[in-house]
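Chain naming follows the written order as A, B, C, D, E, F, G and H, and within any one chain the residues start at number 1.
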């Protein structure tokens, strides 16, 4: 095959092997996923896959595709086996695709997910209405574009690690997510770390690791 | 003199004539201020003036110098004659110099000022404890460095115009205030506008204009 | 619904509830606007809506769509009830779409608007011919791309707050509005504050707040 | 006092209350720390404190100051009570100050620390000699300036969360840490998240949270 | 003709004359290449040529087109006459187009090429499996997007010059290759120099010069 | 000598030979200038020279030093022999050092200079009071920091070429002159070209060339 | 009409009135140009006009359209009446569209033009072959993308003013012309000034002003 | 010791072991160098060492210190054993410190060096006078600040690899070397690769590798 499947890493990293669909043809995606499932992998997460590629793949493999996320799970979705729940919060409705990528990833890696969408800081009551979920999470993924303030406010409320994801949502001086990224890197709340712009996958991977600490 | 004093503008702009001390010698500052007071101006605001220059000026003129602000009022401080109060809020204690520049400016222009310092968003209860002041202000100046989230949260709570001032407080990816500046420009709260990094003066000038609308 | 309608904010903010159409489908826009009108809101402003979406919405609701602005008013346009007029000035003809977004927003929020278009500073007589409108405004929105000098010149002439809007008009070193943005942030005229690139809506929201101070 | 001590946060966040010394006078630092210890806090971590301030503080309080870290622990250093060890790795010797800030922080928050310094990727054998420590850590802090490649290589080897800290070490196109920051944000290894340039404190805070999950 | 063919340079620079197809029509490309072959040049390398242009050119000239590289060799491919082999390594599969541009160029200039693709640093064993090829190369071209760490790791292993090529592969904070570029410029391994983003051609040209030193 | 004196250029370029003092010791400056005067050059312009170096040089050579400009003329100042006058305008008083560098340069190259200082666009009447000088200039040098709007306004008024010089005056988002630079590059007035930040010398050199066209 | 025609400027600025077509419909362009010709203007230059718009305009007006330049002259092309020739040089063939915009503009403003295309500095003999044209020009327009070195080399050879135009030609770290722009602003040759990226029009306008000095 | 001496690398890399003095105390530098010489290394190159540190080191070890370069050779300087000469060219005299760092490094690694200083492209005759040295070099190091054009011109003349070094010499829009860096990365001459700003050491290391190819 054109890509070296990394068996050793698959063993180590958790419930699912992962295929990054961004620069692959639908045939390549289907072939890689089939090869993985064929060699005993139960769950294969495929990210950055177009609806069109998903249709092709699902004609060859069992695939649970999430269109908003542009990601899907081939094979079985594993039962949640983490320590607690991962909360995924977004500032606005436009951040939902990134949040769903995070959600699908978290589920493929064996986590239970709570979604808190459109709870941006310009209307604090929307966020404060969910203080319970925030206080009891294992890890929180805070997703926001534009000014990215959500991460700081959530970080201030929560006692658990917060993974911040800047999104490319916005216009003008949002600079494709740079404004939110800088905001999050400068968060004055402790316990906040940051992943790349729009990288819902990466945030969920970190959160899943945290949620599985000490779980065999 | 070396700088053209702008009498016409002085008439228009309000209670005080303004001297920007940044690139002037202490002798120049004293001479300009004296000339202004001598030609009938009651109040002269001097910004960006070092303690050393202030000492020199106050040996020649009545000067009320605010060291944190690096600004002072020569002549009389006018009685407040605005519609209501200007609230000046900061995210942290390091933002206080900028806030004090805003406060001195606002007072020189005839405004009553309420200070809410160190009410950053990583500890929301500190800000929420002041909801009353926020809800009753004529205009609010929200001053923050690092992630600059204060402007959005205040903008979401308040009904009045919010002037956001990014500060150069921070390190690393705060880039001397750029991170806070971008954050504030992207605020998802309506009614927020922004001035230059560390420009406490400019924010107070805007806020004073707003607080004096319809006041003769 | 998919977006939480923020009733409390609607009460506070003025004449109109606002829908940001940018990342919503035409069906979503129509549904949200209908829900708002149905629950008693008289005026709903919809911004960043394509002509195609506008056609769909207006087949279901009374909609007054402004194609240049890509914005429209569903329901009734309120009678102006502000203190005075809002002047909207642009440097060139290419800035008109942003200006019209500001104009529609200002009207939806109950303001009377004066348009001064194509009065850029490379031909000063065009601007100086309107000194009267500038001197008597409640608030001025100065909109310009490229070098953004309009804000400073207008700020120097006017006695009222100036909200500056950089536009993404230009090419090369205009960097999609960054050049105008920086220019406006550095304005040497007092009383100028700035909103995001192309954010006609935000500028008008600020200007309307200013124009309604003390109006019940 | 000039800064509002945030008792509630102290309860929640772990073993130590934290004072950020950067913009405070030595008198302020000593006063705040004394107040905290006086009101029952056992451990107070003070970061970004100059040797000079440390001398002043330690003349008034029991202080264990780490000069490389520019940080110290007032009161008692808590016994480690985390799940395992936190590994702190640096690319070069110039990154040691940031690493020591992380180490002092981790210890103040009740963690055992393993230091792997000067294991940069241009001499892989130096890093590979420590595969054991890397494979058995609870969390790893990867600290590097210049090209920041350490985070990716460590992330590829390890099974636990990696917190990456770019440093301002370097010259020319390192741009004060920006190069390393971007490199780390783009890490192709999963499980890597990033904090601000030179923010050893923040990384250790995150790592400590992870190392204390499920610990009462 | 519209472009001045530079006969003198052709003599000096080696096995092939080069046509940069990027801003030329297919007719122009064919005409220039034909003119070169007609005046005695044995090999003409054409880079940045679309499949469509390639089809047109090959209907008129003998052309060996590499679609991944978007480059082709008109005339004869020269026999390798360099000192040794040029190794071309990539971090991921998405970097292959740039690698193939380098490979075609190297071959057109008379070099033998070894391809090591998808050996990125997040899975070190993939790279270490090729230590032999790395240790025996004349020159190595290290191609990577995102965090660009490959150049440093290869540079640390190898004894020969390494030419690093950042690629525009990635998203978010990869900024179209800037992140990888900065990373490579800051490489802490000695013997690494850098060419422009996606410039596979330029890297191969340098590598070929090195591989032909002292070859008449 | 350590620097190659470029006799040919001296012949071509006009009234004066030029020494750029920035990275030279006072001994080097004096030696080079003496060598030039000794070999028949009548006028030597020395720029970027500290007061200390100037004192040293003037103890060995006839030197007319302008402290604001940090530049001086060794030998004779030539009589003006250009077509008309060069107008040098500045936005504020802080721009005067750059303006004086331009003035000294222009004079050393045989031009008559008119200074219009502190005529920034936030007080248009100050500029409009000098319409006559602007309309009759051979060339105009427009110098401004912060928002740099002066160049556009002057360019709109004048019929002659305008050379714009951004200055590093300002703070925050002025970014050491970048804001003014971008503003000037985007000028919507025709006939404006731009030189480097703080490059008063370069602007005067261009203006002098223009003022000497057709002069033998 | 929608755009205010600026009669006064037309009188002052030279042979032609100018229409900037970039954001205008073909109907608007035709209407404005017709109005200008109708009110006595002999020559109207239209820049940034698509071939499609040109076809429309030329069906209504006499139009001489230059497709490479995307610019055309409506009405008559004036006879050259400048002092000498304007040389237009480009680094590569991809810069020709910008050069042709400059050429059409220069001709519309009454200048004779000499084209030196594809004379980039990586093959110096191509440029040196034209030393005569360079030494006898009234003004030179140096146009280059990528590294923009042409301006410095030409500036070193020539005795007349050089207007440098960076172009957006290039890829990767050319950043849409920023690299060439910075290079040109930093030119170590005296007498070089710079206009915006791709602004062939602006450069020709400056050059024409210079070429007409003292011409009635 | 505090730094791990990398014996294996020393064997591989050539004539000298290298100490990067930038963040080390003079005692550390002396200790490391002594340890190296003591364990049989004949030559130790020390870069980025202050005159003060050099004085200290030379009181303990035989040291040949080059003050301009801020670098020195401890132990013996090896006899040149490369294939040919390395030419080191600079644009101006201010670039000499970087050039001398390159020269000392090249000599420490066993190379013969030819210096061509102050041959910048604004006076081409200065460079062309050295065509012979350029045509016969094994490798050329082209060092320039400001517009960095030297690399392209040299690259166009030479047949051997050119390593370009941008320097931080300049002001304003030179941005500490970024302008020259971008210029060099975009060089239109083939065979040019680039190292970090001011990295004379790195360039010489690459050049030495090239000059020793096939040398046992």
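Quick note on the criterion: contacts are C-beta pairs under 8 Å (C-beta built on N, C-alpha and C of every residue); 3 or more make two chains touch, one makes a residue touch a chain.
The structure displayed is predicted, hence computed values, not measured ones.
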Pair of chains joined by more contacts [C-beta pairs], E-H or E-G: E-H
Between chain H and chain A, distance of the C-alpha-averaged centres to the nearest whole Å: 47
Whole-Å gap separating chain A and chain G, where each centre is the average of the chain's CA atoms: 51
Centroid distance [mean C-alpha coordinates] between chain C and chain A, Å: 36
Contacts with 2+ other chains: residues of chain G: 123, 172-174, 178, 181, 185-186, 190, 196
Those chain pairs that satisfy the touch definition: A-B, A-C, A-D, A-E, B-C, B-D, B-F, C-F, C-G, D-E, D-H, E-G, E-H, F-G, F-H, G-H
Chain F partner contacts - residues on chain H that touch it in the complex: 93-94, 118, 123, 125-126, 169, 171-174
Chain B-facing residues of chain D, complex: 2-4, 6, 8-9, 22-24, 166, 168, 176-178, 181, 196-199
Parts of chain G lying in touch with chain H, wherever the complex brings them together: 91-92, 120-124, 128, 145-149, 151-153, 155-157, 170, 172-175, 178-180, 182-190
Residues of chain B that touch chain C when the two form their complex: 12-13, 18, 83, 138, 159-161, 163, 181, 185-186, 190-196, 201-203, 205-206, 209-210, 213-214
